[in-house]
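First chain written, first letter: the chains are A, B, C and D, and each begins at residue 1.
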C-alpha cells in the first residue's frame, strides 16, 4: 500500500490516532469504551425480544437504544472526519458495517409496522461484527485463517461429498419410510439426513421401519466416521501454518515451548526445574517465560 | 493404457474434444451447461416430491423433466458417437451412470403404477453422481482418496470394533431395560446403541431404569472418546499423503506455505512483510503468491 | 515362550494345524466355516428376540441353535484334543470364551424359567468375541492398540476430568432446575450432564429455566471443545506408533506411500505417472504397488 | 521458591511428611484413605438427593456425613499444625478448597431451612476437587495442561467466532420461525443455535418452516465442520508439548516407543522380536520394556 501525502489538519491526525490506532493509551480507552457500547447494544436487542422483559422495561430499552444510536452516529461521523481518506473508509468492509449498525436505529423511528420493526431490530445485531475489527491483527487468528484457507479446496471437496451423500440417503429414506412416517418429501428427508449425518439428532423425525432403522444406522456410523476427514484436513493445515510461521521467525518448532540452553557449552533441552547444565555444570539462567503459571 | 490407433473422422474428434475434454473453451462451456442441467434436474425431482408444489406445478415439472431427459439422451448419443471407442465408454462407470440417468425418464412414461413411479422418479437423483466425473482430476480429491485408502485397513478394524461394541451394549440394554421401556428386541436395542455411541441421540428410545442410565452413560463416554480413533487415523493419513505429494514434487513441506529466500545468500524464512534479507541486507523480491488475500 | 517337547500323536499334530493355524489351506477353510457359524449363531439370537419372528420361526430358530451348539461343542472338544497342552488352551482367554459360548446352549435346555432364559440366550452373543481371535495378528490392529496403550495415562486423566465436570455441572443443574423440571436427583442430573457434554442430546430431560439453559449452553460448548483433547492424544499416539513401526522396519515414513526411485542415479520422489527419471533420463520401472486402483 | 528456615518441631515435620508427601509409605496410605473418604462423601451427597433412598436411609446418610465432616475437620487441623507455614497453606488454592469442603457440614447443622439446605448439601460436592491435588504431579497431566495453555489464545479466537455465529444464526431463526414455532425470544433462539451447532440436538425446539430447516441444515453442517478447528489446535499443541518434553529429556521422539539398538555397530530400529542385529549379526539384548503386555 503506497503511503499517500497526508493532507489532514493536525487535530484530525490526533483524532485519527485515537479512533483508528489501538496502540496509544487514548486509543485503547476509546476501543474499550466502544466494545462496552457494542455489548450493551447487543444485550439490549436480545432482552427486547423477551416478552416479559419488554413488557416491564420496554421504554427503558428504547431510550437506551436511542442513546446508543446517537453515540454510534457521532462515532461514525468522527471516523469520517479523521480518516486519512474519508471515501476509502466509507467503502471499506468495516466502514459499511459501521454504517449498517446505525441505520436500523433510524429506520425503527420511521417504520411503525410491527413486522418490519422486528427485522430492523434484529439488524442491529450486525454490530457484533464490529468486534472483529478489533481482533484482526492477532497472529493467532492469522494462523487459523491461513490453515483454513490452505485447506479450503479439500474442505470444499468434502462438503460436496457430504451434500451428495445426504441427497442419496434422504431420497432412499423417502422411498423406504414414506410420508406416513414423517418423511413427507425429499427435501424433508434430506433435512433428516443432515440432522443424522452431522450427529445432531433432534428426533423430530425418526425412522420407524426396520429397513429405515438399518439405513439410518449406516448413515450414523458414516457420519461418525467421516467427521475425521475435515478434522484431519484442518489439523494438518494448522500444523503446516504454525511450522511456516515458526520458520519465518527462525524459531525451531520445538522451541515453541521454552526449553533451556546452557550459556557456556550450548547444550539445549534442560528441564524447567534444572539449575545447572547437565554436561558442564554451568549455572543456568532463570527461566524468562515460566512454563507453569 | 496403450494408445490405440485413432480411426475417428475429424468431426468426431472435434466433437469428442468438446464433450470429453474440459481444457478447451468449448469443452468448458459444455461442462458448465451440463452441470446446470443436472442441478435443475435434481431440483425438479426434489420439488416434485413436495405435495404442495406438485399440486400447483406438477405439469410444469413433468414437462421440464421430459425436456431434460431428451437433452440427456442427445448428450448420451453424442458421447457414444464421438468416443474413441463407443463400447469402452458404454461399459465404463460413468457411461453406466449416464445411461441410468436417462432410463427413469422413459420408464416413467411406460409405468403408470404409483408405487413404482415413486422409485423410478427417485432413481433420477442418480444423476448427481455425474457431477463427480467433473471433479475426479482434482489433486485435492486425490490426496483425500489416498489418505482414506491408506487408512482403510485401520478404519475397518475400528468399524468392526464399534459393531461388536454396539451388539454387546445393545444386548445388555435389552436384558436391563426390556420391551416395557422401548427396547423391544435386540436389533432395536442395537439401533439404540448405534444412535447413542455415534452421539446422534434421537431420544425416540431412552433408558428409564437407573442401571440402564448407568450403562448408557458408559456407552456415551465411550462413543465420545473413541471418535478420536478414526480422526487420528485419517489425520495421520492426510499428513503422510500430503508429505508424499510434496516430496514427489521436490517441495519441502514447510514451503507449502510461501516463505521467502534471499537471492544473494540463500537465507530462507523471511516474514511476508520483510523487505531486506536479515543476514546480508539484499533487497528481497516481491512475494509471487501473497499469503494474505 | 519356551518350546516344550511336543508329545502329541501325528494325527493330533495334523488336526492342530487345521484348527489353530490359519496359514494352511485347510486351516483357512476351517476358520471361514467357523466365522460363518458364529455369524449365523449371532443372527439367530438377534432374530429370536424380535416378537414377530419368534412367533413364526421360533421352533426353527431353536433347532438351528441346537445344531450350532452341537457344532461348537465338537469344535471345543477337537481343540482340547489337538492342543499342544489342553490345560493351557482351556485356561487361555479365548479358551474360556469358547467354553462360555457353548454353556448357554445347554443351560437353555435345563432352565425353563423365562427370566433366566432371556439372559442365557443373550449370553450366546459372547460368541462374537471369538471373531477377534482371528484378527489379533493384524499389524493394523497392533498399531491402534499400541497408540491407545501409549495414550492410556493421558486418556485416564481426561476421563477423570470429564467425570468431575459432569458431577459439578449435574449438581448445579439439580439446584437450578430442581425435580419439577425433570432433574429429579443428582445422579439423574449427572446422567443429563453426560448426555449433554458428550453431545448425544436425547432431549428426554432438558433445561426449562433461563439460568438452566445458560449453564446447559456452557456445558455444550465445553463438551464441543474438549472432544479435541482425546482426539489430539490419540492422533499423536497413532503418528508415533506408525513412525516407530516404520523405523523398526527401516522404512522412511514418507515411503508409506509408494514414491519411485531411479535405478541408475537413485533420485527419489518421481510422480506415479512418470516414465523417465527427471535427472538422468533412465527408464523407470513399473509401479509395483499402484497408488490408484 | 526460596527455602525458608524450617522452625517446626520434629514431630510436626514427621506429621507433615505423612500428610503432604505422597512418596513415603505412610503418606501413600494416608492419601489412599483420604481418596476413599472423599469418594464415600461424594456418593453420600448423590444418594441423599434420590427421593427413594433418602426416605429409607436418610438418618444413616446424615450420620455418615457427620462422621466424615468430623474426619475432614481433624485432617484440616492436622494440615494447619504440620504445614511448614500454616498461613501459606490456609491461603493456597487447595487450602481454601479443604476449608470449603468442611463448612457445609456445619452449616447444615445450623440452617434448618429446606431451600438453603439443598444448596449447602450440594456444596459438599466441592470435595471432589480435592482429588486433583493428588494428581497434579503427573507428567501426563502436565503435557495436557501445557498443550491447552499453549493453544489458549487460538481457542479463545475460536470460541469468540462460535459465539458470534450462534448469535447471528439465533437472531435469524427468531425472525424466520418466530414465537409460534417455539423460538420465543432471541436468547432462546441462541440457546437453540448452541444446541444445534454443537451437534447436541435435544429436539425440544426444532424448526418447522422450510426456510428454517434450510438455515438449520446450514448451521449443522457448519457445526459438524468447524469442530475440526479446536481439534486441530489441540492436536498440534499436544504434539509440540510431547516433542518439547521428549527433547528436554534428550529422548528422540521416535524412542517414545521402544526400538532396539545394536550394542556393537549402533544400528537402531530392530523389530521387537529380532534376536540378532540385521547389519553385523551381534546378539541383541533382551527388551527392557516389552511393547506388548
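Rule of thumb we're sticking to: a contact is a pair of C-beta atoms (placed from the backbone, for glycine too) under 8 Å apart; a residue touches a chain by one contact, two chains touch by 3 or more.
Small disclaimer: the values here were computed from a predicted structure and weren't measured.
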Relative to subunit D, which chain has the most distant C-alpha mean position?
B
Fitting the CA atoms of subunit C to subunit D, what rotation angle results, rounded to the nearest 5 degrees?
90
If you list every residue number at the subunit A and subunit B contact, are more than half found on both copies (same) or fewer than half (different)?
different
Length of the line joining the C-alpha centres of subunit A and subunit B, rounded to whole Å:
27
Computed distance of Cα centres, subunit C from subunit A, in Å:
38
Subunit D touches at least 2 other chains through residues 158, 187, 190, 199-203, 223, 227, 231-233, 235-236, 239
For subunit B, which residues count as touching subunit A in their complex?
42, 45-47, 49-51, 118-119, 122, 125, 128-129, 131-132, 135, 138, 140-141, 143-144, 147-148, 155, 158-159, 162, 187-188, 190-191, 194-195, 197-204, 223, 227, 230-239, 242, 253-254, 256-257, 259, 268-272, 291-293
Counting only contacts in the complex, subunit B reaches subunit C at residues 146, 149-150, 153-154, 156-158, 160, 164, 167-168, 171-172, 174-175, 179, 184-187, 190, 196, 199-203, 206, 210, 213-214, 216-217, 220-221, 223-225, 227-229, 231-233, 235-236, 239-241, 243-244, 247-250
The answer for subunit D against subunit B in the complex is residues 199-203, 231, 235
